Structure formats: C-alpha cells, structure tokens
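One chain, subunit A, appears in both complexes that follow, with subunit B as partner in the first and subunit C in the second.
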Partner chain A sequence: MSNKWIIAFYVLPALLLIGIFIFIPLALSGYYGFMDWDGIGAMTFIGLENYTAALQDVKFWDSAWHSFLLAIFSTLSLLIYLAIALILASKIKGSDLLRKIYLIPMLLSSVAIAQLWIKIYNPTSGMLNQILLKIGVENPPAWLAETSIVLYAIFIPILWQYAGFYILIYYAALKNIPDSIIEAARIDGASPVQIALRIKLPLIMGIVKVTIVLAVVGSLKYFDLIYVMTGGGPNSASEVMASYMYKLAFDTNNFGYGSAIGFLLLIITLVVTYIVRKLTATKEEIQY
Partner chain B sequence: MKRLGSFLLYLSLALVAIFQIFPIVWLFLFSLKDNREIFSGDPFALPSQFRWENYTKVWEGGIGIYFWNSVWITALAILFTVLFASMATFAITRMKWKLSKLVLGLCMVGMMIPIHSSIIPLFKMFLNVNLIDSPWSIVITYTAYNLPITIMILLGFYYTLPREIEEAAIIDGCSVPQMFFRIILPMTIPVMSTTVIINMIYNWNEFVFVNTFISSDHYKTLTVGIQNFIGQYMTDWGAIGATLVISVLPILLAFIFFSNKVVEGLSSSAVKG
Partner chain C sequence: MKQKKAITLLFALFLSILVIAGCSNSDKEKASGSGDSGDEKTIKFMHLWPEGSSKTHYTIVEEIISNFENENPGVNVEVEVLSNEQYKDKIKVLSTSNELPDVGMTWAAGYLTPYVDGKKFTPLDDILQSDLKDSFVPGTAEAYAIDGKTYGLPLELNIATIFYNKAIFDEYGLEAPKTYDEFKNVIKTLSDNGVAPIALGNKDRWTGSLWYMYLADRIGGADVLTSAINRSGTFEDPALVSAAKEIQNMVDMNAFVKGFNGLADEEAKSMFMNSQAAMYLIGSWDLPNFTTNEDIPKEFRDSIGFFNFPTVDGKGELTSHVGGPGVGLFVSEDSDVKEEAKKFVSYFVKAWGEKSVTQAGVIPATKLDASSLELPQMYIDVLNELSNATNITLFADVQMSPEVAEVHLTQIQALFGKEATPEDFAKKHEEALSAQ
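Take a look at the complex of A and B:
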C-alpha cells in the first residue's frame, strides 16, 4: 500500500484541517503583529512597532509574571498530587473509587468551575465565608476583590480542577512498577517511607518530568477560568498573558497589537517548553 | 502504631475526597433552594423543600436552546474528528510514505500550542468566508483542534493491530476502503470509544472559540450561554445553581457510565503529550 492517491485520501482531511486551522493561523499571528489593525478596516504595516511596544508594556510583563507565578504554583502542587498518589498506590482499599472521585472536577467546564467558585468565594453568602464565620473567623476577606489575594484565590480552583488528573497519571505509573522490586526492598528491610522515596519515586521520574512540562505549559495557557472569575481584575491583579491578549483584541479592537502579544505567547510557550524539557531531560529510559 | 499510621493515611485520602466533592454537593444543594435559605447561613443544610422549579424555570428561560446546540455541535465535531483521525492514523501506521513522521510531528506540536496565539487569525479567516456567527466555524475548529490528541490516542492501538488480517483481506480481493471501513474500523471500537468520550469532554466544555466566533443567542453553546444567563439572574442563586448543574450533568453521567474509558483517555492523552 503505497499508492500516492490512496495515502492522500486517508491523510489529507486531517492534514489539511491541522495545517489550515492550527498552523497557518500561528504564522499569520506573527505577521499581523507587524500591522496596525482594528479588526475591521485595512491593515497598515508598521514594522516592529507592536513588538517593541509589547516589550516595554508594563501590563504585558505583569501578566507574564502572573502566568509565571501560576506555573510555579502548579509545579509545586505536583508534590501534593505525588504524595497522594504514593499513598493511594500503597495497597489502599477503595483506591479505584477514590481516584475517580478525585477526577470529577476535571470533567467540569472551566466556565462552570469559575461560576461555582465565584459563589464559593462570595463575601457574604459563599460557602467559604459561611464556614469561616461559623468557626469564629471575624471579617473573612472578599477573596476575589483584593489585589493581594486574588491570584492565590484563583489558584485554589485550579488546584482543585487538576488534582485528579495528575493523581491519575502518577497512580498509573506507580502501578506499573513490578511487585517484585517492591517485595525485594521489603525483604531487605526497607520501611514503607523508604520504599516510596528511594525506590518508587526514582522509578517514575520520567512521568514526573512529563507532568512538570504539562503543568508549566498548561499554566501559560490558562484563560477560561480567570476570564470568567475575575476578568483579570481587580486592577489587573489577576491578568495573565492570554487574558491580556484577548482583551486587547476583542474588547479594545487592537488586533494588530493583540496578534503581536499572541505571537509572543507562542514564542514564550515554545521556549519555556524547551527549557523545561532540557532541565528535566532523562538520560536513559528505565527498563524493568 | 501501625494502625494509627494507616488510619492517618485513610484520613488524608478521605479529606482530599471531601475537598474534591463538597463544592459540587454544595452546588447541587443550593440549586434546589431559594435565596432566603441559601443566605441563612448553613451551607450544607438540606433544602427544606426541593425546589425543582428552579430547573424548569431556567430550562424554559433559554438554557434549553444552548443545551441542544451543545449536543449537536459536540456530536458532529466528534464524528468528523474520530473519522478523520482514524483515517490519518491508518495511513500513518499502515502505509509506507515519506511524510508520516512530519504528520506526527505536527500533531505533537499542535497539542502544545496555545490557542490564543491563533485565535485572531482564525477569527479573520472565518470573517472572510462569512462563517463568523455560524455554528460551522465551531464544528470546524473543534474538529481541527482535537485531531492531534485523537490521533495520538489512536496510534498506540493501531500499532498493535495484526497485519495478517489486512494481508488476508487484500488477498481475498478487498479494496483498501473496504478493508478500512469494514475490517479496521470495527476492530478499533475500544480505542475509538475512548477518543469519543475524550472529545466529548473537550467539546462540551470549550469556551473561548464559541465566545469569540458566535454572537447570536440561538447558536451559543452552554458554556457561553450560561455566562449571559447568569448575568440575567444575577441575584437568583437557585436559578444559577440549576443552570450550572444542567451544564455539567451530561458529562457527569457519561463519567458514571464510562469512567474507565475516561481514565484511560486522560492518562494516555497526558503521557503521549
């Protein structure tokens, strides 16, 4: 089977869709970045103006900083997920059911999650402050309205949303470790904690590295949840790169500048992915 | 001592489970209450009477239209994605040609790129061909953006299919399309069902494309529809709760019935990325 026409018939629909709707727009985004364009009228070529403006734009760098903070939080939270997975994989009864319960938030749309957490964080009638008042906390904060708290407040639903996903991945990797290795360690007198940290953890390091890339790249792309929960506010305190780009284009009709920011977002994502992959590069595949 | 240790382990796992599930329980509870009850201060009290009228009120108030838009757009995009991805995976794994590595590479990169880098040019493309504010722009975009992940999930399964079956089919005089549609596709039903459910979750929950390309109310899907809707019912928490429950219910039901498929799909989607 190597007839060109037959191959084309099978592969072209997918290839054309991916090429036209994913890759051509990426290139066009870089190109539109050279334009002064309001989205409706004609484009005027203005050279590197948008890109140099972006590099000097405090709001852009603030949003990049917030995205970076979220990436750090997400990476650190992997430790919690890993700990839970290690417990879950140590012959716990009902681990299958627990894993599925943990996964439920991951299935909800970010919009529904955002709306739900807006309600949870509601200063007077939300679940959180009602509980805090009950246990005697006076004047609990208006979580999403305070610039110093809002980014942390947004991170909690993100932690909540992705917990089940990462636990699931770690759990699957841990279950792949042959029992014989664990048994041998136990016979040699290793404690459960030693087995977890010295044997299981190194054996699933490959997957841990994959999840670090996923968490970092995922954080750079966060949009839906933040856009719905706070719209980047208050006072841009929760603005991230994607929400800043989106606002520029679709709220203020600054499509040329928005394209430039969108293209920078792509470059930053690619560079960061490359760096994280390099930093976590595995020298050899583990063979059992 | 050992008992205490394992008690603490179970306790920590149970606390995580409570943290994961309680916000959703709370949502369900307040979707059946009225404001007076919600604001009275006990977040986990059962509703004094189950106010199902919250649900009928929002369904008839417009959520119904968004719901059906979500259903048909999701279904149609799944159909196209899984068909085209299966065809491409078949070509990649079964035919000898130079560019199959390239197609795989495009898929890998395609899974990673931020959609915000392509959304302005996409908007302009659809504007040029008059597809802005048409549900087709959404169906096409969903199909294209889910192809890479779907191909990656299918790939592993296709590699394990025995070639002898195909050779026998060819010897028996089967044409390539006959072989693909009558023999290969039916054999891949287990992995296809995994991709269907993963696509369903992605499409059902997608927000930014619909929010950008669709402006008419009668084409909006649930994720964007509930945004406007909640604005309308700003102070009626029961109605907002009912709206949110309706929007997440189909996925939760699918999860209850096909949880193993979801688990399988999510883990393979991550590891391949």
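Take a look at the complex of A and C:
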C-alpha cells in the first residue's frame, strides 16, 4: 500500500461526514433558493426571484446591519480579551483561578446563558434593575423590551459568553513565547508595557488574525441567544440574519425564501472573511 | 510508533463503520416501522406532552394507548414524544422527507393549510360522520376543515377570559368590571396605587393579540376581524383601527406590566401567580393553575376569579369569546396502516373526552355532560360560558396563513410598543392580506 492510499483512507471518514452534513446541504439550500416552496408541498422553480426579493427586503438588510454591528463589537472586544490574557499570562497571583473563572461561561449551554440573562434583565425583579434602583436610578429601562437598546442588551451576554474562549486562545499563544526572548528584552531595559506591545503582541499576531476571523464569522451567523432571549423582537429590533432566516423558513413556511437568505448569509460571510484576511495580511510572518 | 499507527487506523475504521451503520440503521427502521411485518401492525404516533412538563396529559395518553392495544390485538402503537416547539420543527422536517408518523398532532386553520395543499393529511370525514357523529362541540371540528373536508379532530377547546386576583381587588375596593369604563377605572385605581394592573408577556406576541382581538370584537362586532381575514371585509375597517387605538390608550394608562414586550408569557404568568399583577388574560388551558394544581398555594388558587372581556361603550356581547380548539389529531395520507390509524384516532378522541377534564383539567372539544362530573366551580363556570357562547372567534394567528400571521404578530408588538400608529398597523395587515 502506498502512502497516498493510507492518507486517503485516513481522510475519508471526516471528508464523508463534512460532505454529507455540510457541503451537500449547502448546495441544496442554494438550490432551494430558486424555488417557491412552503417546505411541505411541491416546489416550483421561480429562478432568481427569491434572491432579488431578498436584496430588496428592508427587513433583511436591517437584520444584516444588526449582524454587522455584532461583528464590530465582537472584534473590538478582542482588545479587552487580549489585555486580560496579557495580564493573566504575566504570572500574577491567582491567574490560574482567574483563567478558570473566565472560562466558565463557555461551559454553559447557550439556552442556560439566555435564561440567566433573561432573569438579570427582568424589568421589575431582575438583578440589574434592582441594583440600579438601589443606587438611585429612578426609572431603569426594560432592557429587552425597548427597541432602541434591546440589541446592545443582548450583545453583552454574547460577548461575555465567548470571552473565555478568546482569552484561553491568547493565553495559550502567550505561554508559547520562549522565556529567553522576554528575558533578553528585560535585560535590554524594556518596560513591561513595551514587552507586551513590542515583543509579545507581534509574536502572536498570527493568532490574533485568526481570532478576528473567528469573531467576525461567528457574529455574522450568530443565532442562539437572540432566538431564546427575544426571538428577534420586539418589532424586529434584535433580528439578525440567521434568526430572520429561521423565521422565514420555519415560522412563515417560506422555505424557498429562507434558503435564499441562508445562501446570501453564506456569501456575505465569505466575502467579509476574504476582506478581513486581506486587511490583516502582512508581508512577513515573524518567526521565533 | 507502529502501535500508534495501528490505533489510528483502527479508530478511522471505527468511524467509517459508525457512519455506514448510522445510514443503514435508519433504512431498516423505515422498512419495519410503519409498515406491517407479518400480522403485527404498528401505528406510529407522535405527540407533544412529555412526561416531565405535562405529566397528567402524558399519563392519559399512555392509558389510552394500552387500552387500545388490549382491545385490538395485533396492533401496536409506537410513541414518540417531543415538547411543543421541538414537535413543530420535527413534524415540518418529517413532512418534507415524507416520513410523517401515521398519527400526529396538528393545529387548526392556517397551520393546517400547507399540509393539506401538500396532500400530507388524509380527510377524516368518514369517522366524523359515523363513529364520532355529533360528538364535537359545534365549530370545533369545523376549524380543521378545508374546502369541505376535515383533516383533523380537535382534542381541546379553550376560551380566553380575564383572570383576576380577588385579594388585590378587595384591597382597593374594586369589583369585576362589566363595562370598559369600569375596566379603565380598575386599571387607573390599581396603577395609581402602584400595583401593576395586567400581566402581559408580549414577547410571545399571541398574548397581545388576544387583547387586540377582544377589543376588535367588542367595538366592531363578532365578525369584523374574521371577515377582514377571509377578505370579505377590509382590515382598514374603522372598528379595527379604533381597537388598535384603544390598545395604545391602555399602554398609555400603564395598564400592562413594565417591559411587557420583552417578557415571555411564562414570565408574565409567574408575575400574576406571585400576586405582582392583578389581572391576566389567558386561555382556559391555565385553569388547573387556578383550581386543582397542588403545587400552587391553595390560598392563591382560592383568590382567583375570572370575568369576560367587558363591553365597550355599550357595544359588543359579553358572550362573544376569543378562543377555539387547540391541538387535534391527524392521520397521514401516506400511512400504510390508514384504517388502523383512523380507528385509533377515533378511539383516542372518545377516550380523551372522558378522561381529559377530570384527570388533566383539559376541556375537550367533544361534548361534555358537566353535571355528571365532579369538577371545581371555576370549571363549571367556564363550561357554562362555553355552552352559552354566542360566538367564538378563532385566535387570529391561527386563522391567518403563516406568512400573514407573522406580519400580524410583529405588528402587534409594534402597536403595543407604539412604534406603529393604529393606521399603519391596519395598513400593514391589509397589505399582507391582499398580497396572498
């Protein structure tokens, strides 16, 4: 048996699984996008009608804008995660315990997190408004009921949910930097801030780029907490692309249109990923 | 090194087998599942009352199935239970792949239409005419009829009434209102005293729709909303617009609990159950919580009463209700055991009618002799309301097609949240209804 056969054999199970569960459904949803289909009866081919309708659909672009906002916020919050990771990695007391604490939200299921934050945000008995009342805020907002703030109110648990994940990635990358380099910098008289910004950060830049892509892609296709906490409401104020797609396909029985939106979501994500990679590309990778 | 390679190889092999086994297994299931293997016939049945969350319902279903199996040797009933939302998703997926269970649960009117258009459900008029003749409350089985054929047999019948906390009412010297002016006075008194008048969880949206439907019924008469939906009228009817205005008046009076647009119905319910709000408009499916449910303090249950939605400026009938049948049973058109499945459905409906109200507190859609049963007073009152009802308007989001229902529900949130004017609200409905 030649080496190539063995490689093919090893790759096969994963390839099969990905093919069956990802690529075939992807192609199918693109195909369903050409159909007028209620998901139950017969399909009729209507060409590009669903796609052109989606491009003119104000609600779709509203939800796309909400998804982009989430992508922007998640990317910005990477800075905070990076700062936390830098602090944790610099051998402070109790960093081990803190790291575990930051990781806990990641271990909870999205639905549990949603239930938790629904309770926190409850307009009358919720923890947040109770605290606000105690410190003298007279009429604290009903966080999940007001169209102007609901979106940002949901962003907070979403960012909180993934904080541990990114901190862990950064932490691991930082721990990988050889001590000798840091030692050399210190002997040359670099301050801790200089070491962090001039030595550590450039050395983990590759990882940072990956996390930016992860954060952007993850945000654009985000669904869970929004679905459980508000269902996209009130009055579509917290609708994102994925929840809008779900609503069209499953609540209004418009599978053709929902599939078209799903396919557009894929294309948008691909394009944005490409742009992000272009923007963050550097000519030379720093090696150590 | 060699050993490691061998282990990896084994693991890869194992995974491939898993994939292959996974695929072939489902084939086998399909072959033996709904067909008949030898003399044994198997009816696949899916329902949405899991043991955990609806224990009493679940138990009755189990009883009915085992009785049916005993009386019909050679017929097995294979049950799959899912909770409500999962059930709705799964039934949709199963119907796309033509794998519907032989018997399952459906909702009326708008929900049913795509399944009937796709020829997924079989007409049940034959058992309705023979076995179950005259056994349903008029208007209930009809909600499952499309083009003269009935595709589902209802199990439940509900009307929405306003439940109120007598203890809170007594504290402020209030009485159950008969007219809308009295009702507004109740709201104002409670609100002035810092008590939240009405618990409303409008994140779920159909809850707000109930309030709108009642106002439309009282202001414009029993038919105005229904005829707007079935296109014999228009949604820009002045009565429908002024009902929308009245909703916003109520919002301005602080009639509803704070943040209602972000609260789920369950959260609103728990506010009412914790005496944090004085009134709660909900279907009679919640009656057990106010009568027989031992998990709820007796003191609270005893302090709950209900009244019908008041008349508005002398218009409307107190005996006209919003409500309708809940879930019903369907038989799949592609079923291999259609005869047995129909027999099972008929058996189920009858047995359910006898047991549901006494054992689970569910009012069945089949006719009931209330005097022969020992029931809590509130049940008897609701059953009397049902038998005296001059009209029952089916829930708007059930009447409408799924697409229009989505517009309606979104607009309800917008109306309550004052992001849409009453005129816009009516216009959006009219557009959606005339577009289909």
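One rule holds in what follows: the second predicted complex is superposed on the first by the 272 of 288 C-alpha atoms of A that agree within 3 Å, B and C clash if a C-alpha of one lies under 4 Å from a C-alpha of the other, contacts with A are read in each partner's own complex, and residues count from 1 in each chain.
We adopt the following convention: contacts are C-beta pairs under 8 Å (C-beta built on N, C-alpha and C of every residue); 3 or more make two chains touch, one makes a residue touch a chain.
Bear in mind that the values here come from a model prediction, so they are computed numbers and not experimental data.
Superposition model on subunit A: subunit B and subunit C are shown in a clashing arrangement. In the superposed model, more residues of subunit A are touched by B than by the other of subunit B and subunit C. In the superposition on chain A, A:Ala190 makes contact with neither subunit B nor subunit C.
In the superposed pair of complexes, A:Leu17 makes contact with subunit B and with subunit C alike. Contact with subunit B, but none with subunit C, is seen for A:Met245 once the two complexes are overlaid on the shared chain. When the shared chain is aligned, subunit C comes close enough to touch A:Gly41, but subunit B does not.
Looking at the shared chain after the overlay, A:Asn253 reaches subunit C, while subunit B stays out of its contact range.
Judged by the touch definition given at the top, the superposed model places A:Ser236 against subunit C, while subunit B stays out of reach. Legend: residue contacts after superposition of the two complexes on their common chain; A:Thr147 is shown touching subunit C, with no touch to subunit B. Of the two partner chains placed around the shared chain by superposition, subunit B and subunit C are both touched by A:Thr124. Overlaying the two complexes on chain A leaves one subunit C stretch of 79-87, 115-123 or 205-213 clashing with subunit B, which is 79-87.
Once both structures are placed on chain A, subunit A residues 9-10, 13-14, 17, 39, 124-125, 250, 255 are touched by subunit B and, in the other complex, by subunit C.
Residues of subunit B that touch subunit A in their complex: 9-10, 12-13, 16-17, 19-24, 26-27, 30, 38-39, 41-43, 84-85, 87-88, 90-92, 94-97, 103, 106-107, 110, 112-125, 140-141, 143-145, 147-148, 151, 176, 180, 201, 204-208, 212, 222-224, 226-227, 230, 237, 240-241, 244, 247-248, 251-252, 255, 259, 262-263, 266-267, 270-271, 273. On the subunit A side of its complex with subunit B, the touching residues are 1-2, 4, 6-7, 9-11, 13-15, 17-26, 28-29, 32, 39, 84, 87-88, 90, 92, 98-112, 115-117, 119-120, 124-125, 127, 130-131, 133-134, 160, 163-165, 168-169, 172, 207, 210-211, 213-214, 217, 220-221, 223-224, 227-228, 241-242, 245-246, 249-250, 255, 258-259, 262-263, 265-266, 269, 273.
Interface residues of subunit A facing subunit C in the complex, by the touch rule stated above, are 9-10, 12-14, 16-17, 38-42, 118, 121-125, 142-147, 150, 230-231, 233-236, 247, 250-255. Note for the complex: subunit C touches subunit A at residues 8-9, 12, 15-16, 19, 88-89, 92, 95-96, 114-115, 117-120, 196, 202-203, 205, 257-264, 267, 271, 276, 402-403, 405-406, 410, 413-414, 417, 419-420.
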